[in-house]
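Here's the structure we're looking at; comments come further down.
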Amino acid sequence: MGLFEMESAKCHGDCHDCGHCGMELSSHDCSKLHEECGVFGIYSYDKEITVAPCVYHGLVALQHRGQESCGIAVSDMGKFSFYKDMGLVSEVFNKQKLDELKGQIAIGHVRYSTAGGSVAENCQPLVMRYVKGTLGFAHNGNLTNAYELRNELEQRGAIFQTTIDSEVIAYLVARERPNTHKVELAVRRAMQQLHGAYSLLVMSPRKLIAARDPKGFRPLCMGRIGNDIVFASETCALDAVGAQFMRDVDPGEIITCDENGIHSDRTLCKGTAAHCVFEYIYFARTDSVIDGVSVYESRRQAGRQLAKQKPVKADIVIGVPESGIDAAIGYAEESGIPYAKGIVKNSYIGRTFIKPDQSQRTNAVRLKLNALESIVRGRRVVMLDDSIVRGTTMQRIVNMLREAGASEVHVRISSPAFRNPCFYGVDIPSRDDLIANQHTIEEIAKIIEADSLDFLDLDSIVKLTCGKNLSLCTACFDGRYPDGITSHHMNKEDEIL
Amino acid sequence: MGLFEMESAKCHGDCHDCGHCGMELSSHDCSKLHEECGVFGIYSYDKEITVAPCVYHGLVALQHRGQESCGIAVSDMGKFSFYKDMGLVSEVFNKQKLDELKGQIAIGHVRYSTAGGSVAENCQPLVMRYVKGTLGFAHNGNLTNAYELRNELEQRGAIFQTTIDSEVIAYLVARERPNTHKVELAVRRAMQQLHGAYSLLVMSPRKLIAARDPKGFRPLCMGRIGNDIVFASETCALDAVGAQFMRDVDPGEIITCDENGIHSDRTLCKGTAAHCVFEYIYFARTDSVIDGVSVYESRRQAGRQLAKQKPVKADIVIGVPESGIDAAIGYAEESGIPYAKGIVKNSYIGRTFIKPDQSQRTNAVRLKLNALESIVRGRRVVMLDDSIVRGTTMQRIVNMLREAGASEVHVRISSPAFRNPCFYGVDIPSRDDLIANQHTIEEIAKIIEADSLDFLDLDSIVKLTCGKNLSLCTACFDGRYPDGITSHHMNKEDEIL
Amino acid sequence: MGLFEMESAKCHGDCHDCGHCGMELSSHDCSKLHEECGVFGIYSYDKEITVAPCVYHGLVALQHRGQESCGIAVSDMGKFSFYKDMGLVSEVFNKQKLDELKGQIAIGHVRYSTAGGSVAENCQPLVMRYVKGTLGFAHNGNLTNAYELRNELEQRGAIFQTTIDSEVIAYLVARERPNTHKVELAVRRAMQQLHGAYSLLVMSPRKLIAARDPKGFRPLCMGRIGNDIVFASETCALDAVGAQFMRDVDPGEIITCDENGIHSDRTLCKGTAAHCVFEYIYFARTDSVIDGVSVYESRRQAGRQLAKQKPVKADIVIGVPESGIDAAIGYAEESGIPYAKGIVKNSYIGRTFIKPDQSQRTNAVRLKLNALESIVRGRRVVMLDDSIVRGTTMQRIVNMLREAGASEVHVRISSPAFRNPCFYGVDIPSRDDLIANQHTIEEIAKIIEADSLDFLDLDSIVKLTCGKNLSLCTACFDGRYPDGITSHHMNKEDEIL
Amino acid sequence: MGLFEMESAKCHGDCHDCGHCGMELSSHDCSKLHEECGVFGIYSYDKEITVAPCVYHGLVALQHRGQESCGIAVSDMGKFSFYKDMGLVSEVFNKQKLDELKGQIAIGHVRYSTAGGSVAENCQPLVMRYVKGTLGFAHNGNLTNAYELRNELEQRGAIFQTTIDSEVIAYLVARERPNTHKVELAVRRAMQQLHGAYSLLVMSPRKLIAARDPKGFRPLCMGRIGNDIVFASETCALDAVGAQFMRDVDPGEIITCDENGIHSDRTLCKGTAAHCVFEYIYFARTDSVIDGVSVYESRRQAGRQLAKQKPVKADIVIGVPESGIDAAIGYAEESGIPYAKGIVKNSYIGRTFIKPDQSQRTNAVRLKLNALESIVRGRRVVMLDDSIVRGTTMQRIVNMLREAGASEVHVRISSPAFRNPCFYGVDIPSRDDLIANQHTIEEIAKIIEADSLDFLDLDSIVKLTCGKNLSLCTACFDGRYPDGITSHHMNKEDEIL
């Protein structure tokens, strides 16, 4: 819908339709966090090739990062074409549309699924014409000074047709471009004005530029298919298109691909990184490797760590599919308690699913998840999940296990408790809606009707990096925002948007 | 599709799919001219009412002015919502989408049907946020200095996401707004920089502004439903929504509706008007009254005039549906030759119709139009139509009449011959494709295989105003562009876009 | 929807959505009658050709006979394929679907638009497998003994999956086939058991059979494209596909096309014909010629006759588009009062149009039709239309003319008044809903607020055949059912279905 | 598409588009078997309730049994409505369509996804009218004497509009009904003529009847929601709608629900059962319990058994998602080798996914599945899957593991090797296409490039019933068809259809 309607699309505690499970949820019911995007880009040195199908397959591999909308922009020897719309990659694109997107350079984008009406204006990539020609932008992340930048740009006559940060970045690049002899320098100058999180792909008629904010909040990696260069939010997309992983784009780095080859600008590579810990805990696909750490290993380690710190006598270890499975495997390994499949997920429940209403004798969780009675009946169960946001869904799952005959249900969460908002691209409900801000662990255990409940210790979070000693952003757990931002500051933005 | 792809959407002589008849046409086959838009706006003083359904019905009444895309933007006490997409009004909007567009002020737009892929970015209204809040724009027409204005704005850092003139106008208004204490003054200052044709609706959170360029190229009228004020491209839309016609917006006039009432700013009302003559000849709906002249009367007068100037001995007068019917009635009246329905149109041939290919033993014209053999067999026929662009379709129609048994076919065109491009919003093919630039009338008659052919005299065009002595733009016939523009100037723009 | 739901689709006086105008109508508001179908078939002697595109174009030309659903079945050297669905021909078929329908023999069908849910099961052609192979059926008309035949067949173990008469015909042919050495003989034997109206196309793996009931209620004609044979409900479909008219199929005749040529079986050609007069008055396309009579001429004659019998002093003659136009031209010719276009129709109002609700200050008729004030203001108007069913729409049209300034409005109807139901395929409301059964002509004039009202005399109906002396069915006007059926009999069927 | 086109929809070795993975597959590439259907029915004693939403949710839980088409039929105090179409349950039904299906008795159906065009005629439930009123049919299974029954029915005048067995069953019930005083007796008499596999739901205006063939090939169970009775193909659908499992319908049993309660007819309950073993191995959802045996336990046992019989030295046990996971867990338990997630599936690859073409440097398997390098690199891997049909997909998976660094790949299949066709509702490729008929195990190991390969012993298949001593149909493995049918017999049918 419209410009101001877009705001209601943000899922700050009043999400009515969860993109993860396709269910309409009443307030305080949204059990999962949302992230905003995935990006994919390719630069081909083969002028005969058309790269749109490769981007398509890359985006399908990144679909878990965003189900709301998607788009692809291509440059065919300088001539831009693009197509974007609301929906999954396989819904938005068909053979004919892909065929129309001829070109050797391309960027693509998936955006996360939100509530409310159509916000087609916010689809990416953003393609714009400016004084020096045409540029395309796709980014993942969230600027923390978007409000100030918009204000300043508007003072100078800018008009905004979307609410996405890409439009702000595009203006900054357009403003800096006349003063620079290369577009990548304009990108660098623009980046010097940006605060917050962004993994950015910029396509000019003859170049593909990949950049990552100096903290490296969001992932971005580089691979190669033959001579051609590919960028993606996660390595799973490289695997999908048959690309070989080269390396991660470094925090602050700007990599430019053009006919002269690949050039890296490390001017902005300074300071400590702050990689989002939640990529490991929940967002990323388990088969991805981010900044050198396997996501699967990270999750398994969390499970092992929990088994050490929060042991419990039980007969079986199970995980809530899909995100709790890996930690459950780790917990089982460490504890010696057998791993079992205790809960099954129905994979046919998507966006158009009609949820049961009040009059019906079932609930949405039961349609999505089912307990295996033969496994849980009469047994003491340890159940792993990645997080608890509000607690409602967890309470229903615990109940389902009890109805299936579990004699005890012990819940272990493979991350610390959420207490703070995220300003870098994760939609965490407001502080008041976070159950961990309102209740002690014991109280939460009672609310969700579990026999015991425990979270991963904040101190153990370093274990998630599997010995790689990565510098992580853990602000959602401990409130230490790596760029010193305060939530007071951010609230101002909320008032406006 | 994309930004640069949009240009191929313009129908300058290589139109492959005619929005008027739904047929794929090879080069030089496009028998009709296209105009670009229709606009509709409403300001309600009743805060309880929601005006989107009224705009919907107004746009359906203006659908003949544009079948490519449409949109509606509303302001609900300052909160904007909008929806726009490719397709007919009845395809794009359904009950649910209308219901979501709550508000007391609204503007709507229909855009004409063109060839090629989706150009969703160019849909109107354009809604944008700027330093002073939010504005919506819908316009009909074509700026002749859009290229220069874009250039200048880009020099100052502007970025463009569409190729529509509304975006240029929006930038100018945004630039002027800080220096003015009312948005309508910013609109006036912006208009002082615009050249060419525009009938413009601007919606601010609390105001509806209607403006018309100082030449009044494109129509715009004002009506009233109770206390509420309505603006529309044509009076037929006022009739459809039950509004009473008040008056036309004058060339150069800016009318502002807000809670204090209606205010007219006539500062820019100077100079001679130049109303597009083709609105009377072809574009407008026959039941509309534009600038005081009934479209139907105008067309009937053209027929009467032709009967006086270009008489012919014949048994019946027929018209090519729908646009030649009115002139045929006038020709019959004046000549005394009986009017008859000699050709029937199939109204079920729309945008998705699959045309016959080479292997089939029929042609697209025969599917669309059919001759009544009982009427034409053995008779001398005078056939009226509004215009000849390239001649191909006309040749097929004449042939169809002969196959149905007409002993003679005399073609009379109710306008002079096209010889020049239009820079004010009509898509006339390039000079080389206009049959009248390549051949004498006698040659054309031979090409279309007519026994005789005649056009309305250029001198008689004044008759189209039915004695109202309107000042008309007739540049497409005589090359006298009312604002002194030259086609040399305009070609420059074509190079860029 | 379902089997029993189908019945609600019939438009006996409670039609809520008129296929003719796309408007939702409350009871007693349906201003037009509905017929049930159009058929088209082709037999090609060229084994290389694929005929589905020809059927597609033929059906588009017959679309006015049915907008609810459509379908095409083909035989490719004995291998059947078919596709059918709800919607217009151009909505149901696309290039790919046509391409999949390979074959040299084909039949197609359009069905009329009704209220209510989807009745996909009732789409035609009906393709069925029986003891001797496969057959396809498409028909237009209504059996008067369908109830008895279904009963008898059910007694013998038949099951019915639709409510269409084609299924009954298919069973009868299947039952007779083992006793006959040719499928066309089985068709003849089946026809000997059928009462009522049907124009029927039957496709066997190697033959195309066309048959018409012995009364010839519904039209059916034959044409030729090169050597190939085409059958269609109306000649306008022959014209559309470039076929040459050969002759009408005679009442009772069975024509079989196979590799040996064309064979006519006239065994059942006996008794007096009873061609439906309403084909001339309203159903057929004005450019068709049915049983030797031009539909346009027939309508023009009705207008001339009215001018003689029901003259009135007036300034202009106008017609309600589209069905009243032809009669208006005839009335003008005979009376000498000038013909003018007094009402214009918006052709963009289709099935998905959202009608205005109570709260809006307009009505559906005003969106569909508009009066030309410049024509009617201050003038005495004679307005022609083809029929009055309930009177509601006519009252709104008269009102619209008065609001546009008409000083007098005289309504002339180019048919006698409806008083009786039709059992042969026309959906006429129940007797109680027919305004002519409840009121005198004077009363109706008052109800519709006309200055005068007149119908065509029952005695003049013969004029509609333009001197061809056709034998017509006029039961809807005079209650004389040509096959002696009584409405008492038919009501029994209504109870069941 | 059409009647004879339907046959190409069967997946006998030339499946071009696999419903399981959404990929277009060349011949011999279809790696999974297909089953034909799932059924769900409900009888409510509450006359105020509408049961369609319950059926909707039940069908979503059974969606894995068929993705091609679905449908729901309801009886509202005897008035039938139904809706069915091609597509997933959540695609075919929306809120409005469900709301239109009012009723207290309902049956629903899902059908499996096949190649080729639309075969809308074959959607179930089948609703038909016969001499005693109306009936609805939904069934899962395959009759082995359908050909003979059709022949015999056609001899007596039957016509067939579909190729589904439901139509044959409907005819038999219709034929028997006049000789019986209750519809359930007609169902019994019909069943006495049926050979092969069927789990059947029949809805009459006031009754719901559930029946299972005397061998009990396909599953069918009964549950209760309050007083209301529910039938479903699997218990997972009972769980989804909040129903309590009561018991399985016994082989040969006919259960009738009406206002007098529930009645069981066990007349046909005799002889040995022959439950399809492949329900346990692959078809059923892992959380279902079929004929007293947990599907998950059955699969885990298969894994344990393999570990005992076919041990191998390895570092980790992994499963091919989803069907190999359960056996992998069992293998790990028994062998003591740690279970790990070695392969991840992209769950966003559905029916509309565009597969890569030859020119692209990836393959469809890589888009669907990805190996976790951190898990498999340098390790000896045992990989479990449920079956090998042709071997092509397995070869790609093994390769993928090697590219990810696996030092050894040992494949263990949790079922014996396929050697024979199934005549009871499973689409097994022809004998020649089954890799196990062409090659020894050692040869297959080489073809798929595995270090070792082993299948579950035929003798161990009894272990799948977890000690319940169920009588199983294992014909696909050992060729012993429980009803003595021969493939010679069945080929005759293939010739016809």
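Letters A, B, C and D mark the chains in the order given here, with residues in each chain numbered from 1 onward.
In this section, a residue touches a chain if its C-beta (ideal position, glycine included) is under 8 Å from a C-beta of that chain, and two chains touch if they have at least 3 such contacts.
Note that the structure is predicted; figures quoted are calculated from it, not measured.
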Path length in the contact graph (subunit B to subunit D, fewest steps): 2
Interchain centroid distance [CA atoms averaged], subunit A/subunit D, Å: 36
Mean-CA-position distance for subunit C and subunit A (Å): 59
Approximate Å spacing (C-alpha centroids) for the pair subunit C, subunit D: 47
In subunit B, residues with contacts to at least two other chains: none
Pairwise touch network: line, ring, star, complete, or other: ring
Complex contact set, residues of subunit C against subunit B: 49, 53-54, 56-57, 60-61, 63-64, 88-91, 93-95, 98, 225-226, 236, 239-242, 285-287, 289, 294, 296-297, 325-326, 329, 333, 338-341, 344, 346-350, 352-354, 356-357, 359-363, 366-367, 370-375
Subunit B-facing residues of subunit A, complex: 1-5, 73-74, 79-83, 85, 100-101, 117-118, 120, 126-131, 134, 151, 154-161, 167, 170-171, 174-175, 178
